[in-house]
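What follows are several structures.
You will see two complexes here that share chain A, one where it goes with chain B and one where it goes with chain C.
Take a look at the complex of A and B:
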């Protein structure tokens, strides 16, 4: 196995999950790259800490009253899954179909929405949009329960076209109105009681209640509609069918995939005015979209095996989102080997860094890429990753230190120490400037194997946690 | 000839409340000699106000709350179980702080004992608590997979059982029950069974086995025994009440029949908008997604048990702490049909 093979596998694992340690990478390499992609896409994850154990210790993680425990509960899955791709996919869709607690005041419906992303997020895009349209959190978030025959609310119809499928510039205001008419009658059961509880943030009498979709035929506008040039007595499913046939939809979802898994694109509002970073990649992904009948998993299989994904030009080009940074760091440190109160605190750090799961700033979600970084969030990110990587009491860090010590036994050099510790952390690629900084530190603190003590290695790990390269995937 | 059994709901008590009158993820309860009920609230990590003891009686008369979140003496972090001695002293286990706190029934701190470890007298996650007739305290030391016995002042006496899967061993046990013939029933949560021991620590027998069928158990949290020797189990993972006869044969089950408690009715009477909307709602229904997924079903259907954590008899009434619904469901004993 070549160093480049390891680097490529490390790149894959940072994108399909939250990064892998050296030991894990060595196991994956044995499968071969393409085979490993298939394993990731086709496997169901196992979780080292069962949901039963989490719910026993932290009952609000399973039956959430508020929202923060949702994020903390999700973080457990990201940390303790043997194949965190499912969580990454849910995170991908949560970023696009961003739905927030502020309006719902019900942790359970958001918990259920993430479960829905996990269940349908790798299937047919049409099915996913249908499930999204029936999702109680989305129905309340975008007011479709307030859209009635003869009194249409256009919020969902508008965002379905603008943010969830085609993007602005590819449809008319008339199309929005017609789509909205088609989704009249798509509501939630016990709508008055559920929305009253949400509006009043009521946990009474016995906690939150999960919600479910209900179709009210007598509230559905059955008259003829003209949508994107097609005419008929369309219901919601037909509208989604027409949407999924559009080239604009293929490009829109392909660009989202490229941005999330390959390299950061500008924020979505700029897309009508800015060409994609790699128009050819978007074209290729769009072809797979149509060739496979809108199959998300097959689009991703193509993407991960493509030259544009494997290209060194895109390695470490994405800024980790706060959730990716926190989950990836905790996978390295392995500090919560059993459910722990501190998990809630770790989850809070994602909010301090600007990403409060299931509480996006708006229906547009978060702006990714370098927009995660400002003077406040950078300090928070660096403090978090440095303090976690530098804590030698964590079993994951303990193992890294022991491995580094044994791997450089009797052949100490500054270069070898830096190489081994970056390998252990998941083959992190660093610039010459960063490497020189690390060398300066090592030469000033650790000038022989005798100085490889916990304190010095902790400081070195803290420094790596503060490197710009650690903030990227 | 087959004999059928059934168990009937009597009433529901309590209300979800972050503070004051009500509970927030209640985990356990105990009665004092004056028939006052002390309901132990677990709370949760993002709202520590729930970690408290709510005092009430069977008529839902409210007497106040005491205890608070924290790691100082008399405070709780992850309170798990409560027991009351024959001298009316309250004992609370805390599986985060790894100690037992002793308080008066007025909430005044008396003392505490225990620390993290696996030596005699140390704990790794103390859970279920019960006193025997000699006022000896049995403590489920769950991550150490053993039961430790103390006197009422917290002095270590003895221990029994160890971590494992075979008969007589324990895997993350939770609740413990004592009956007057000096028998203990331990909820062997991780092994999906109830195990019966003598108070000397001798293994007697096992009730239940893993599964989601009627006669199976999935992570049972607690058990209670009536005067006929029938064993009532809060089947936490199946979200059911299960009843077995004294030979361990399954008799009947109940999925939960929560109704409006007095406190819940008070809430609705003063919040008429919610009361009116609720009166028009259909709160009992079936969905395809409920199949083989009682957790999801309980999240939707309010009357059902959702993670019942504790079950106990008081006189002839069976009280089940319905934790994720923040209430107590009260049942009559099982009866032949």
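Take a look at the complex of A and C:
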């Protein structure tokens, strides 16, 4: 196995999951690259994290007063799942179909929505959009429960077209109205009670109830509609059917995929004005979209095996989102074996860095890429990763130190020491400037004291956690 | 008269929903006594203001400022169609937008107005971790400080010199010698401004000297840190801190008293400190909470309500009552709550226009009627 193979596998694992350490990479590489892609896409996890385990530590899980325990238990799964890809897919859809606690005041429906993403998120896009339109959290978030026959609320119809499928410029205001009419009657059961309970009630002592979808035939506008040039007495399913046939939808979803898995695209509002980074890749993904009947998993299979994904040009061309940064770091340190209070509080770091899971800033979700970075969030990001990697008491870090020590002799060179550590952490690629800086640090600190003791190694690891390359994926 | 440039606004968020009725107490109102059988405050306990309203017994320090005409009490503050969810209601106060979900906060928009080219990385400083949405705005950097003494990059490195040494390596990694792509550009720029911000703020910490001894609790520590940054004159215009939790569903008598004692004493010390440094007229403080609580108690506390009370304090404040004390008559209640009679955005507008000298209309989206709680000629 060549160094290049390892680097490529490390790139894949940063994108399909939250990164892998050297031990894991060596296992995966035995399967061969393409085969490993199939394994990730097709296999069910060996070990499903028990709901009861999470319940024991977070008794308000599923019926929480706030949404912090939902975010924390989701992070726990990202850290410990042997199929982090599943969580990554939910995170992908949560970014696009961003739905938030601020308006819902009900954690359980958000939890259910994330579960829905992991169940339907790799299937047919049409089915996913239908499930989304029936999702209670979404129905409240975009007011579809306020949309009635004869008194249409256009919020869901608009965002379905603008944010969830086609993007602006590909439909008219009339299309929005017609789509919204088709979704009248798609509501939640016992709506008045549920929304009043969320808004008015004290959270104590019983918490929140789950909600479920209800189709109210008598509140559905069954008259004729003209939508994107087609005429009929459309209901919601038919509208989604027409949406999925559009070239704009294929392009829109391909561009999201490219941005999340390959390299940062500009945020969605800029898409009508800026060409994609790689228009050819978007074309190819769109073809797979139509060839496979809108199948998300097959689009991703194509993507991960494509030349444009494997190309070194796109390695590390993404800024880690706060959740990716925190989950990836905690997968290395293996600090939280149980979803306990400390683990919960580690979760709040993603909010400090600007990404509060299940509480996006708006219906647009979070803007990604360099927009994650400002002088406040950089402090949080650098301090989190440097202090976590520098904590030699964590079993994951302890193991890395032991591996490095057993791999180098007493006569090691500075260069070798740095290389080994970067390799153990998941074959992190660094620039010459960064490497020279680390070398000078080792020469002045460690070599002058001639000691690879914990204090020295901790400082080196802190500096590695602080380097700009660690912020990228 | 001092230049408006020296002025700053300190916002203290009372998280969880402060019980307005046990803060500014209508102590001789029969309905108050009847509906608060478990947690009412008596005429003997409260600090009388005008024979009908009184401060909570633990608000002695605040009463002292009131007597100096430095406290505006805004009764009956709220917004149309009250929402009793903490999250949504706090969101409404943060974004100043009550009808839809807005992406940015009113103070974030204010900072963008003050420093559009972000020349100063500490134009706004938040005390606490994570940015409250009030301060969020695209391209607006805000420093978030847990504790001024340890604030900065890589605080786990032990020893001051050692840390400075490691930070030199840090600045090399984020410096101009790195090859450039868009991500590195952003990382480099923000990494360096984070270091500068940390430098400025740690300088504020080391320069501070004062004879005032603040208590040792979170809100006192925050206000003391704010005083340090004010005295360092580093151009900070907005400070933010949070105090709580005021979500007193249970054990209200005890919990609410402790919360107000800590806050009131901390504010007393803060204004003493400002006076000692001759800065008492340069600083205005806003205290707000996302909602008030139910008129009727629940046997040991109170549940979420609507109309509440806010305070504006400072040397340039024209003290007194603003807004109206809502009637407690059943017919005047809104679903068991005090009815709001003034929109919180009127208070924001007054602070923006009359205190900060910034046009409030683009920030709040429309023109709100203003109060006179800022002294004329300031």
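Rule of thumb we're sticking to: the second predicted complex is superposed on the first by the 458 of 473 C-alpha atoms of A that agree within 3 Å, B and C clash if a C-alpha of one lies under 4 Å from a C-alpha of the other, contacts with A are read in each partner's own complex, and residues count from 1 in each chain.
Operating definition for what follows: contacts are C-beta pairs under 8 Å (C-beta built on N, C-alpha and C of every residue); 3 or more make two chains touch, one makes a residue touch a chain.
As the structure is a computational prediction, the values presented were derived from the model and not from experiment.
Asks: Have a look at where A:58 lands relative to chain B and chain C in the superposition and call it first, second, both or neither.
Replies: Once the two structures are laid over each other on A, A:58 reaches chain B alone.
Asks: Regarding the shared-chain residue A:383, is it in contact with chain B (first), chain C (second), both, or neither?
Replies: After superposing on A, A:383 lies in contact with chain C but is clear of chain B.
Asks: Touch check for A:103: first (chain B), second (chain C), both, or neither?
Replies: second
Asks: Let me test your reading of the model: by the given contact rule, A:226 touches which partner, first (chain B), second (chain C), both or neither?
Replies: It touches nothing on chain B or chain C.
Asks: Which partner, chain B or chain C, is in contact with more residues of chain A?
Replies: Looking at chain A, the partner in contact with more of its residues is C.
Asks: Applying the document's definition of touch, where does A:361 land relative to chain B and chain C: first, second, both, or neither?
Replies: In the superposition, A:361 contacts chain C only.
Asks: Of the two partner chains, chain B (first) and chain C (second), which one does A:373 touch, if any: first, second, both, or neither?
Replies: It touches chain C, and chain B stays clear.
Asks: On the A-aligned overlay, A:472 touches which partner chain: chain B = first, chain C = second, or both, or neither?
Replies: second
Asks: Pick out the shared contact residues on chain A: the ones touching chain B in one complex and chain C in the other.
Replies: Touching chain B in the first complex and chain C in the second, residues 66, 200, 202, 204 of chain A appear in both lists.
Asks: In the complex of these two chains, what residues of chain C are touching chain A?
Replies: 83-88, 91, 101-104, 121, 126, 129-131, 133, 136, 138-144, 152-157, 162, 166, 169-170, 172-175, 177-179, 181-188, 190-191, 193-194, 197-198, 249, 303-304, 335
Asks: What residues of chain A sit close enough to touch chain B in their complex?
Replies: The contact residues of chain A facing chain B are 52-53, 55-60, 62-63, 65-66, 68-69, 72, 108, 112, 189-190, 192-194, 196-197, 200, 202-207, 209-212, 341, 343-344.
Asks: Tell me, which parts of chain A touch chain C in their complex?
Replies: Residue list for chain A touching chain C: 66, 100-103, 105, 198-202, 204, 264, 317, 319, 348, 351-352, 354, 356, 359, 361-364, 367, 369-371, 373-380, 382-383, 386-387, 390, 431, 433-434, 437-438, 440-441, 459, 462-463, 466-468, 471-472.
Asks: Provide the residue numbers of chain B that touch chain A in the complex, in ascending order.
Replies: Checking each residue of chain B against chain A gives 15-18, 25, 42, 44-47, 77-78, 95-96, 172, 174, 189, 219, 236-237, 258, 260-261, 263-264, 267-268, 271, 273-274, 277-278, 280-283, 285, 287, 289, 295-296, 299-300, 302, 306-307, 323-327.
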